[in-house]
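One structure below.
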C-alpha cells in the first residue's frame, strides 16, 4: 500500500447555520492508501458525512488541501468536480437513491450516459456490473420491485459501472436487515480484495465496520485513532 | 438522444399528473390551431377572383350603386387592359333564404376571357350554354348539394331584380352544364356559384337596364396594375358614377376587414388560454422538480454537471409541450373540414398551424426555465441531507 | 356530519396558503375560461340589443314582397301612397299618416381604426321622421334640412367612422354633403347610420322609388288589420312586418354565429381548465394524505371528506369565475365595435356584460370546479387509512 488514494492536509470546513458558524472539520489531515477499505465511524454530528462529501468531491473545503486519485479537489470548480466524479468515484447511499421510474439496467447505465460509449456498449457494461454484484436476473425490474438488499446491489453496480478507483459508501447497510447487510458487505469486501477498489464507508454498525481493513473513529470534527484490521 | 429514455421515464414519473397536464396543453393547441386557421383565412381572403393580374372596378361611393354598362368599352381601351367583363349582384336564393346562391349574370366571351383557364367546363356543355338563352352553368358542388341534374329547370329567387314580364322575383334557368375551379384552393369560394347570361338578365329585368354591378379586368402586366387602376378611375373622375379600381385581392381583403378586427378577438382568446396554461404547466413542472430534488442530487453525484441537469429539465418541458402541441395541432387539422362547412366560402390553409410549433417551444422554455434553474442551482449536500 | 364537514373544510382552507401555487391554477384557469366566455357572449348580447332595440311592436316596416332586406327592396311612389291610406296607421294633427318613406343605400366611409372603407348605411327618411321615430334625439349640432344636401350621423357611426363630426363635408357621387349633427336613438341600429332627406338622397342617386316605408300604428293590436289591408290589395306586392320581427331576422345569423363560436371556444377551454383543476385537487389530496388518513382514523366519515374536497375545489372555482366575469366586465363592458351586419351594412354595437351573463359565467365556473374536484374527492374518501398512515 504505497500510493495514497486520498490525502488531506489541514482541511477546514465550516457551515453557516443562520447567523451561527459551525466548524465541522477543524484542520483535519488524513491519508488513505490505494486499495484500502476504510470504515469511518463516530456519533451523529461528528463530521463523518462532511468528510465523505469532501472526499467524494460533492463539497469543497474552506481551506486545506484534498488530493483524491491524484487530483487536487480543493482547486476545482463545480463543473470540473462533476466531470472528475463521473470518472473517479462511485457513490452508494443508505437509501439506495435509485431512479424510481427506471429499471435496474437503466439505473446502472446512468453514469455511462456521460461517456462516449455507444448504446450497445453501455448496455453490455451495465449488464456486466449487474452480473458482478450478482443481480443480472433482475435487470428489467424497477426499484419498487426489488428488496432492500437487491436495490443496494443495483446501487453498487451503478457505482461500479464507470470503473472508478474509489467507492464512497454512506451507511450502505443502514436500511437493511442483518442477512442482506452481510451480503452487501461481503460484496464490498470482494470488490476491494479481488477488484482493487479503494472503499471509504461511513457506518454506525460495528459489525459492518469489521468487514473493512481499517476503522477510523471521528468525534467533534477530528480523527480519534487509526487502527488496522485484517 | 441517449438521454431520451431518462427524460421520457422522468416525464411519466407521475402518470396522472402528466396526462392531465398534457391534455390541458393539447386542448390549448387544438384551440390555437383552429383559431389561427380562421385568422389566417380571414387575413388571406379569396373573392373567387384570383391572380395578381385581376382588377375590380366598383362604384366609388357605394358597392350598391350601379355603373353604366357602356363604361366597359372605355375601360377596354385603356392600354394594358387585356380584357374586361361586367357582373351584377343578383342576390339569389333557392327555395329558402338560407339556401344562398351566388348567381352571376355574365357576358360569356369576356367573362371566360378574363378568367382564362380558371374553370373546367366540358366542351359540349359550354356549347350548350352558349346556345341556350336561359342556360346556366352550375358549380358541381352546388349541383350535388341541391340534387340538381343537367337538364333540370331550376327557379332561383332574386331578392333584388323583378322581371319585366310579370314583376316576379323568380327567375327560371335551364341547367346545361357544370363547372369546377381549376385551382383547388378556389373550390370553396366557388361552391355556391351559378353562371347565367347577362343578355337574358338585362332584357328580362324591369329596371336598371344597361347598368351593371362591377367590372373585372385582366391586365397584361401585373406590375403595372396600380397604374392601370388609376387610369381607369381617371376616365370617370368627373362623371356621376365615379369608380374605384383595385387589385382583386385588395378588394377581398377590404371586404373581409369590414367584419371587424377578427384577428384581435382571436388573439385575445388565445392570450387568455395561454396565460392560464403558463400557470398550469409551470406549476406542474415546478412541483415535479421539487419532488425529485433527491433524484436530481443523485444525478449530480454521479457526475452530471449543473448545465446538464438544467438541460435535462428543459428537455423534459420541451418534450411535454412539443408532444402536446403536435397532438393538439393534429386534432385541429382533423377539424378543418368541420370549420370549412361552418364558414362557407373560406379556404383554410394548414400552413397556419406551423407557428404553433414555435409557440410550443416558447411555452416550454418559459415554463421550464424556473424549475430548470432551480435544479441547476441545487446543492448536492443539502439536497441529499433532505432525504435523511 | 355538517360539523365534520365544516371542521374539515376549515382545516383544508388553513393549509391552502401552502398550496398557493397549485391552487392558483384552478383560479386562473377558470378565470380565463369565464372571461372569454362572458366577453364573447357579451358581443352577442350587444349585437342583439342593438338590433332588437330598433324594434317597436307598434311600428311596421313595409318592403317589396320577397326582398328580405331594405337594401334590396324597391317601392314606387304609388305603392307608398297606397300604404299611407291603409287602416291602422297613426295620424298627426293634420290627419296625415305617420309614415316615413325611406331610401336605404350604403356608402363607403373609412373606419377610424383601420382606415379602410366600410359600408355605412345612408338612410333617406321622410318628413314624418321625428313623429315616426320619437326616440331620435340630436346630441350635437342640428337636424338636417330637407331639400339640401345635409345629413346627420348616429353616435355609433360617428365613433367608428372617419369625418362624421358636425360641420364636416362628405363627398358622395359628385356632390358635397354636410354633416349637421349627431343623434342618439336608444342605442339601436340607426345609431350606426347616416340620415338625410329621402327625396334629396333619391335625386342624388337618380332613383325614383323608395326602399321601404316605416309606419307607426295606432297600437300594436292594429297590425293584423293593417297587414291584411296591404297584402290583400291586388295592386300591391309587399311584405309587412312589425319592426321587432324584421330586425330579429336580420340579426339571427350573426348572433347565432357569435353564440356558437363563443360557446364552442368556452367548452374547449373549460375542458382544459378541468384537467388543470383535476391536477390541482389530486395533488392537494396527495399533499394532505396523512392528514386525511389521521382524521379518518379518529372517526371522520368518508362522505364529509369527499364533500370537503369538492367544496374546496368549488370555492376556488367560484373565485376564478367571479374574477373572470369581473375582468370581462371591467375591460369590455361598453366597448364599442362594428361589424358587417345582416345586409352588407356596418352595425356598430357595444359589448354588453349583463347580469345574466355574469351568472352564466359563474355557473360554468362551478361546473368546472365540481367536475374537477369530484374524482380527487373520491380518491380522498377511499384512501385506505392504515396504508396511508404506514406510508408516512
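Per-chain numbering from 1; labels A, B and C assigned in written order.
We adopt the following convention: a residue touches a chain if its C-beta (ideal position, glycine included) is under 8 Å from a C-beta of that chain, and two chains touch if they have at least 3 such contacts.
Quick caveat, the model's predicted, so the values are computed rather than measured.
K.L.:
Taking each chain's centre as the mean of its CA atoms, which one is most distant from chain A?
P.N.:
Of all chains, C has its centre farthest from that of chain A.
K.L.:
Using mean Cα positions, find the chain sitting nearest the overall protein centre.
P.N.:
B
K.L.:
Measuring from the mean C-alpha position of chain A to the mean C-alpha position of chain B, what distance in angstrom results?
P.N.:
Computed value for the inter-centroid distance: 64 Å.
K.L.:
For chain A versus chain C, what separation do you get between their C-alpha means, in angstrom?
P.N.:
So the centre of chain A lies 71 Å away from the centre of chain C.
K.L.:
For chain B versus chain C, what separation do you get between their C-alpha means, in angstrom?
P.N.:
Comparing mean C-alpha positions, chain C is 25 Å from chain B.
K.L.:
What part of chain B is in contact with chain C in the complex they form?
P.N.:
Those residues of chain B that touch chain C are 16-17, 20-21, 23-24, 27-28, 30-31, 35, 60-65, 91, 97, 157, 159-160, 162, 167, 169, 207, 238-242, 244, 254, 257-261, 265, 268-269, 272-273, 275-277, 279-280, 283-284, 286-287, 342.
K.L.:
Flag every residue of chain C that touches chain B in the complex, lowest number first.
P.N.:
Those residues of chain C that touch chain B are 21-22, 24-25, 28-29, 31-33, 35-36, 39-40, 64-69, 71-72, 74, 105-108, 111, 113-114, 116-119, 122, 172-174, 205-206, 237, 260, 265, 268-269, 271-273, 275-276, 278-280, 282-283, 337-340, 344, 346.
K.L.:
Could you pull out which chain A residues touch chain B in their complex?
P.N.:
53, 56, 58-59, 78-79, 82-87, 91, 93-95, 97, 99-102, 106, 110-111, 113-114, 119, 122, 158, 162
K.L.:
Would you tell me which residues of chain B are touching chain A in their complex?
P.N.:
2-3, 5-6, 9-10, 12-13, 294-295, 298-308, 380-381, 384, 387-388
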